[in-house]
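Here the structure is laid out as structure tokens; the discussion comes afterwards.
Chains here go by letter, A, B, C and D, matching the order in which they are written, and residues are numbered from 1 within each.
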Amino acid sequence: MSISLEKLIQWRREFHQFPETGWSEFWTTSKIADYLSEIGFEILLGKQIINPDFVRGRSQAVVEKGIKRAKEYGANPKWLEKMEGYTGCVAVFDSGKPGKTVALRFDIDCVDVAETKDPNHRANQLGFASLNEGEMHACGHDGHITIGLGVAHWLMEHKDKLTGKVKIVFQPAEEGVRGAAAIAASGIIDDANYFAGSHISFCANSGTVLANPRNFLSTTKVDIRYKGKSAHAGAAPHLGQNALLAAAHAVTQLHGISRHGEGMTRINVGVLKAGSGRNVIPSEAEIKLEVRGENKAINQYMADQVMQIAQGVATSFGVTYETEIMGEAVDMVNDAELVELIKEIAITQPQVHSSDQDYAFNASEDATILGRRVQDNGGKAIYFIIGANRTAEHHQAEFDFDEEQLLTGVNIYTALVERLLA
Amino acid sequence: MSISLEKLIQWRREFHQFPETGWSEFWTTSKIADYLSEIGFEILLGKQIINPDFVRGRSQAVVEKGIKRAKEYGANPKWLEKMEGYTGCVAVFDSGKPGKTVALRFDIDCVDVAETKDPNHRANQLGFASLNEGEMHACGHDGHITIGLGVAHWLMEHKDKLTGKVKIVFQPAEEGVRGAAAIAASGIIDDANYFAGSHISFCANSGTVLANPRNFLSTTKVDIRYKGKSAHAGAAPHLGQNALLAAAHAVTQLHGISRHGEGMTRINVGVLKAGSGRNVIPSEAEIKLEVRGENKAINQYMADQVMQIAQGVATSFGVTYETEIMGEAVDMVNDAELVELIKEIAITQPQVHSSDQDYAFNASEDATILGRRVQDNGGKAIYFIIGANRTAEHHQAEFDFDEEQLLTGVNIYTALVERLLA
Amino acid sequence: MSISLEKLIQWRREFHQFPETGWSEFWTTSKIADYLSEIGFEILLGKQIINPDFVRGRSQAVVEKGIKRAKEYGANPKWLEKMEGYTGCVAVFDSGKPGKTVALRFDIDCVDVAETKDPNHRANQLGFASLNEGEMHACGHDGHITIGLGVAHWLMEHKDKLTGKVKIVFQPAEEGVRGAAAIAASGIIDDANYFAGSHISFCANSGTVLANPRNFLSTTKVDIRYKGKSAHAGAAPHLGQNALLAAAHAVTQLHGISRHGEGMTRINVGVLKAGSGRNVIPSEAEIKLEVRGENKAINQYMADQVMQIAQGVATSFGVTYETEIMGEAVDMVNDAELVELIKEIAITQPQVHSSDQDYAFNASEDATILGRRVQDNGGKAIYFIIGANRTAEHHQAEFDFDEEQLLTGVNIYTALVERLLA
Amino acid sequence: MSISLEKLIQWRREFHQFPETGWSEFWTTSKIADYLSEIGFEILLGKQIINPDFVRGRSQAVVEKGIKRAKEYGANPKWLEKMEGYTGCVAVFDSGKPGKTVALRFDIDCVDVAETKDPNHRANQLGFASLNEGEMHACGHDGHITIGLGVAHWLMEHKDKLTGKVKIVFQPAEEGVRGAAAIAASGIIDDANYFAGSHISFCANSGTVLANPRNFLSTTKVDIRYKGKSAHAGAAPHLGQNALLAAAHAVTQLHGISRHGEGMTRINVGVLKAGSGRNVIPSEAEIKLEVRGENKAINQYMADQVMQIAQGVATSFGVTYETEIMGEAVDMVNDAELVELIKEIAITQPQVHSSDQDYAFNASEDATILGRRVQDNGGKAIYFIIGANRTAEHHQAEFDFDEEQLLTGVNIYTALVERLLA
């Protein structure tokens, strides 16, 4: 017997009310840890699951604000301490019997959107709207957490019938593709034989499951910061080291990175901020950019060129620089065996009528980093989409989704685990 | 009999308490108008003295904030209306007898500096510190206004002995060299035979008058704004028109403007802001720059190149652009006759012991625009410096100056007028 | 009865001995005109077949050298005069009976390669090596001309059995994709219902015909020339207008042309030459570039950006500029009906054992401009490859090909015409 | 008794007939060595006087051509061997008595100008025109050599009356300011207490000696070469390393080197050549540039920036690079003592009527490198101009000068030596 839809909805609405932006999910993580430790899961936190060298796009200010708020909201201090400043957790189910290991991934962060005040919006009607101004679960990750909890409950209920292990990864900071790299690099899923992740709603309505989305875009998000020396632009311009001029030249070089003969590439410098006053040689400049590539190798070519240019320009202008990878995702091809399994499982769900549509994802998801980690270790991976009607597009203030599909999600995952581990 | 030092100090401290940043001097202007209309001056305001086409660096938000605040502080609505949104005034003294016309210029704006909270700072001790947070008369323009008022009073007291006219220009927005061009272009001092302006303190201590500073730098301050079209950097980069990329190329071109064979030039892009999001082709970019030249012609060469580049880059990238001149000053050579007069007059002041030092100004002052306007019309012009000890450098939060030199200032101006018009 | 292989070989060797680079094929054109007018073809020349506005990459020096040499080699003055300086001809076959019109295209220029002196090279052994130093038929166009002549003879022999018309286009300047645009724009094949062109050898060996090569690359070749004003770099740099600096900025902008969301693009500035002396502001600069696109529209997007940048940079630097399109080709999709016909016809040739291989052309051919012209007018077009063993790759000094395949070529074309017009 | 004018003229015309461009003066050097060794001078050659690490702008091809030609013209093989490939010599006069050391410098190269064929040109009339096509003593260095020889003869004649030593430096490659650095760096004049050098004619007519030209421009001439990797621009642009693109970016950065607050600067990229074919990623690029500065330090600032940019751009684009200093000169201020001496001496010459004019040189001369070397070692230096009427400006095909002033030159130098060493 699976968990009830009512329970799933209750969870979903609780998490909806406390949305936390990437790397600040301290309340969310502690709540998940509370729920799953209670029913017997081992909870791994902090550097057990996060390799700090691969943490992307994490601001100290956001972290501190998150910790402070989580404490105010009554997060369990035990978990907060174990987190060591890093959000997310891995809940480990061990059947006690030898067998395969399955890794499931659910992302837990919200987006930086202020939830609509429209009284007709369900969260407003029913009183579960975001309490955190400017933050909102407008991408359905509240649903993802919920499905993860539902699966966890099922696992414990069916422990006797199962073999091997399940590692449920509650991943922080998926928005901006920031969180997966650090979890992958921690090695925590290196023993997994199977990996599965999913998105709810997205482009698919209730009744459709997209078992095999293709064309995940590889991308790397990079910030470049130049630091020079200010000087009076009239009296002593030669004493300055011009960070703004360096940044401008970097932009012109970055956009000139050569096309790649083997596939699509993209480069965009989306933001440039430099200088403080009109008559001062600017000493600081910041560039926010992203590159993309048709596959992981081509994307890496682009990222390598970016790093080379960042350094070369610093040399030219006698300024210091730092680069920070703010996010990354790769391409991934679902394994045929898992695709077939999900197709079969999905179509048997009462509300699902289609599971074999072709679909080009054409966007980035950092679950791919986890999936390819498993594949590179000889395992199999899949990422699929659980259709659900929505009231607005993802990331919009009016977003809501068909909560009944939470149950569809739990059922697909549990059936998958059953097929792999029973 | 001249005005008393006590009265001058009282005025200075009153204006010190109500500092207003450039183009927001509504309270200041109305107060000046109050004082001088009472004693018989004709007060010219608004478009009588401002040519809107040559207004530089005036933000509508600052203007509105200034008007609102002036009303709250009880500024005379009659003047506010006549100002037509433009601050500053010209107070006209007419002796009723034929004669020469003398234009005197006093600048009235403050700087965007928060006054120190140090209890030892005189304004804090005596309770006349700035009431306007973030604004402060830290450049001595409160003293300039005061000297202007003192001279005005002297004129009315000596009306019978004088011939011709005196136009006292209370100029807005000297900081950033923004206000003079619009006054010059209004033609209001086109009948002047003589022009005089000055700065208090600056680099000279009490006892020194610098009668002939040289090497005023010509400069033009320009903002360039590019507007393109945003597009998704992954899906449809070709649909964007990249304002950030345009701005970056503009910067690289601007810094490459050729040196001038006939004298010193400078170019500095001090601020660049562009783009909104990492994955969006940026649709907006703003550049804040300044050029300088050893003289007006060389500076104009630089400014012309800037305009050409602004346009060329817009064409290259298919974006629209606008340029706005945010400030300007020219070089000026004092007329020898007036220099000799000031030297003679100054050295006879009780507190002055030196008036013939050589001094390279090496900075920009937009009084030069007014001075050269008078010179171009066949008149004579001078800009000099009235030494005064100071507690900190100009534009610093701890700035204060030796108030006794206000009287020195008034006395020099009145003696000058006496020599020219009596 | 078709023409004999011996005759074909004789023609091929004659043309091999007199290779002429693009737009200088005066001897070649007059020889073709001689042969075909003799057997009853109407010969169209000069502006009858060339629209001068669309002539690409034609240098006056090369034209003059070509005319002079053709005269020395005894070219018929009548044809030379009618050519009006433009090489190439269209030989018109009219059956006298109503019917379809078929356009066949054979390119006639050589490449700028010096033929090997190796005594084992057949042309050296048998004495038909190039007489024109530095020019050589190393791309097989001598074979193309020959096939065209062979087809022409067959047409006259089979006049009674045929309906409609055949226009045999002997196109100049295919190398650098320069000649087709001007012929297309002349309108000379606007009445064609069918178009066929081909290459001999290329990547295919004797026995293979590639009936349906795909992935023709669209490309535009452009020269940009900037003209400024020189000045002494020490004494008066501001008097210069720096063409070199303009060109350098153009290069940085050109390489930054945005990727296209809908397909592959390329940009390459292959050559840049500017300036005359180290201490002179450079007054002249020349850029040679090419763009490519996955299809005609995407290539046009690239070419449009190039033109925009060429102009914008000229404005920025106050220099004049000119752009010249030096070559162009488009993509083309063969019409299925003709592909099937060629497959069928080819496989029945005695020496051919394969005609249905998939092949990605991945290069540019300006026959596509002619083919798409016919398609745009509602006709059908094909470009195919007639396999032939070769002794070295195309464009190499040691290139030679299996002359027996000349007969294969003639037979395929004549069979095609038979199917279309008999 | 001094040498006769007739002898001087004979020498001058001999050297005029055999002009040799910089670093190819093998015949010239051997001839000087012949003359001066005969009368007792010690002749220093090759690496005794040239530090190869500081040789500027010397092409191996020019050297080889020079050696070959010198041999044909009968140059003494003994000297050729000792030269070790480096032209120029230092002739040492040792009085045998203790005393000061005086270094005198005469430059010996010609310019790359073809001498006029005008029959009225004296060299044509009298048959001493250049025998070396495209090379001509159009800058008067034939006169300089001659004066040096004249002084040498006088020294030997007056050996008994003199103390100390005289080192007569016959410097190669003054054109392009290439030769002095290597001689200075050899240390050969590090023992000199006095240095003198001069130019004949230049801007001054017969009768004028400019004893104290000021404003020598510091300059550094640099070539930058980038080497990348070629690749097919269509198929595999990502495999290329684009030297042309690197060079273009280098140019945009070089022209943006900041102005210097303490004085005039210049930058000019005068020549840029890159790339071989339109459709090939360019693998080679060459930049020829010069910088200037108001003084040695400011010029060095410019040169340092150039080197930094050359390196930075190479890093950005993954190409290798080399920089070569092709020439250099510094500023120099004549020592007052020597200026007074030359003024006194000059005005006593029969043909001279003026020796105290102010004159701004406003050009570069590498004698300054030698002069400052002596000054840096505690000695005194002067560079002066010996007026002489001319038939055309320097470096023009019609240039000739008033040969009578050769004697004026010799007399000034010998009088100077007499004052310093007698």
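We adopt the following convention: a residue touches a chain if its C-beta (ideal position, glycine included) is under 8 Å from a C-beta of that chain, and two chains touch if they have at least 3 such contacts.
What you see is a predicted model; the values in this text were computed from it and never measured.
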item	value
Least step count from subunit A to subunit D, where 1 means the two chains touch	1
Chain pair, A-B or A-C, that carries the greater number of C-beta contacts	A-B
Separation of subunit B from subunit C, taking each centre as the mean of its C-alpha atoms, in whole Å	68
For subunit A paired with subunit C, centre-to-centre distance based on mean C-alpha positions, whole Å	53
Numbers and ranges of subunit A residues touching at least 2 other chains	234-235, 237, 245, 249, 252-253, 255-256, 258-259, 266, 281
Of subunit C, residues touching subunit D in the complex	217, 219, 221, 233-235, 237, 244-245, 247-249, 251-252, 255, 266, 268-282, 285, 288-290, 292, 326, 362-364
Subunit B - residues contacting subunit D, complex	252-253, 255-256, 258-259, 264-267
Subunit C-facing residues of subunit B, complex	232, 234-240, 242, 245, 249, 252-253, 256, 258-262, 281, 301, 308-309, 311-318
